[in-house]
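Naming follows writing order (A, B, C, D and E), and every chain is counted from residue 1.
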Amino acid sequence: MLRGIIRGHIVSTKKQAALVGSKFMEVELMKNGQLTGEFIIAVDSVGAGINEEVLITTGSSARLALNNTSAPCDAVIVGIVD
Amino acid sequence: MLRGIIRGHIVSTKKQAALVGSKFMEVELMKNGQLTGEFIIAVDSVGAGINEEVLITTGSSARLALNNTSAPCDAVIVGIVD
Amino acid sequence: MLRGIIRGHIVSTKKQAALVGSKFMEVELMKNGQLTGEFIIAVDSVGAGINEEVLITTGSSARLALNNTSAPCDAVIVGIVD
Amino acid sequence: MLRGIIRGHIVSTKKQAALVGSKFMEVELMKNGQLTGEFIIAVDSVGAGINEEVLITTGSSARLALNNTSAPCDAVIVGIVD
Amino acid sequence: MLRGIIRGHIVSTKKQAALVGSKFMEVELMKNGQLTGEFIIAVDSVGAGINEEVLITTGSSARLALNNTSAPCDAVIVGIVD
């Protein structure tokens, strides 16, 4: 998994039907507690918000965190770091 | 997912049968709203055009956005950013 | 697989239900026996602890090391290096 | 997908049975029409040759372009760029 | 696929049951015939030894080269380069 801080929210009106209702978050990645300047877009599954530190699962495993496991999504926020 | 700007269209006459009819777009990736100079080739699934900002899903999840989910494709444009 | 040293333990109270009980370790990656300063978050499956050198499997293969193979997890510690 | 120029052909006599008959090409990757100095090994599925510009699909999607979809292969040339 | 030279053998006594009997090799990656200083750990499936040049398949496709296709493994040596 990856670890990072949510920096923003991306709005996409025209998108795949299976992604309607998904909240796309732009997350700045961290390593060992330090910010890296690298970013990924992930769908939220745990109610996380801007500036929260989160865990992200990528690849086909990510879809298992969604209600619709056949949505074309490759990164999901699966936890909020305490 | 990745975020980027569509920069061009790649034409391939000789290709896998399952990819016939796919529109291959060359997309320049962004991070935090800045262009990176990194590129990926993705198949369009939402009617996006040159210079539009888009979201891209990669890996096996990408195929779920295509009509033919067994096409040998690893990156699909799944949304247009507003 | 990747090789690295466990540097810390990440606590996430609010997380996907399928990940409850998983122990998230932050691992510094190595190459050829040298530390790299790169990090990954992996779920432990072999009882590894801080400062131990471990092997990590990533991607969809990682889930096969878990009791719940449909947990949204993309990296698992699968061995401790002697 | 990735885009690149075929630079060479790799011969492997001793290999997995499911890969016998596969032609392994070494491809130099491009971005935005420029060569990058990065390389990948991909199995040809479209009759491409040295110095041709091609599209490559990676990951589990790559296998869908092969006659034997259970061959242990993670990158396939799926199209020739015009 | 990736190409590289086997540099060492990693011993892990405490590991996932499905990986018992697997031989973990540390491989230095090459591009265009040049060594890169980058490394990956892969399970051997073709009887390759130290200093041999090999082809490596990664991701879920790698498992298809193993006797136990549900082993939590993400990289396998699938061929020896002549």
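Note that contacts are C-beta pairs under 8 Å (C-beta built on N, C-alpha and C of every residue); 3 or more make two chains touch, one makes a residue touch a chain.
Computed from a predicted structure; not experimentally measured.
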(request) Please identify each chain that touches chain A as well as chain B. (result) none
(message) Taking the mean of the C-alpha atoms as each chain's centre, how many Å separate chain A from chain E?
(response) 31
(message) For chain D versus chain E, what separation do you get between their C-alpha means, in angstrom?
(response) 19
(message) Give the residues of chain C touching no fewer than two other chains, as numbers and ranges.
(response) 59-60, 62-63
(request) Could you classify the connectivity of these chains, where an edge means two chains touch, as line, ring, star, complete or other? (result) ring
(message) Starting from chain A and heading to chain B first, what is the chain order around the ring?
(response) A, B, D, E, C
(message) Please output the residues of chain E touching chain C within their complex, sorted ascending.
(response) 7-8, 10-16, 18-19, 24, 26, 28, 37-43, 59-60, 62-63, 70-75
(message) Show me the residue ranges of chain E that touch chain D in the complex, using the header's touch definition.
(response) 1-3, 31-32, 45-47, 55, 57-65, 76, 78-82
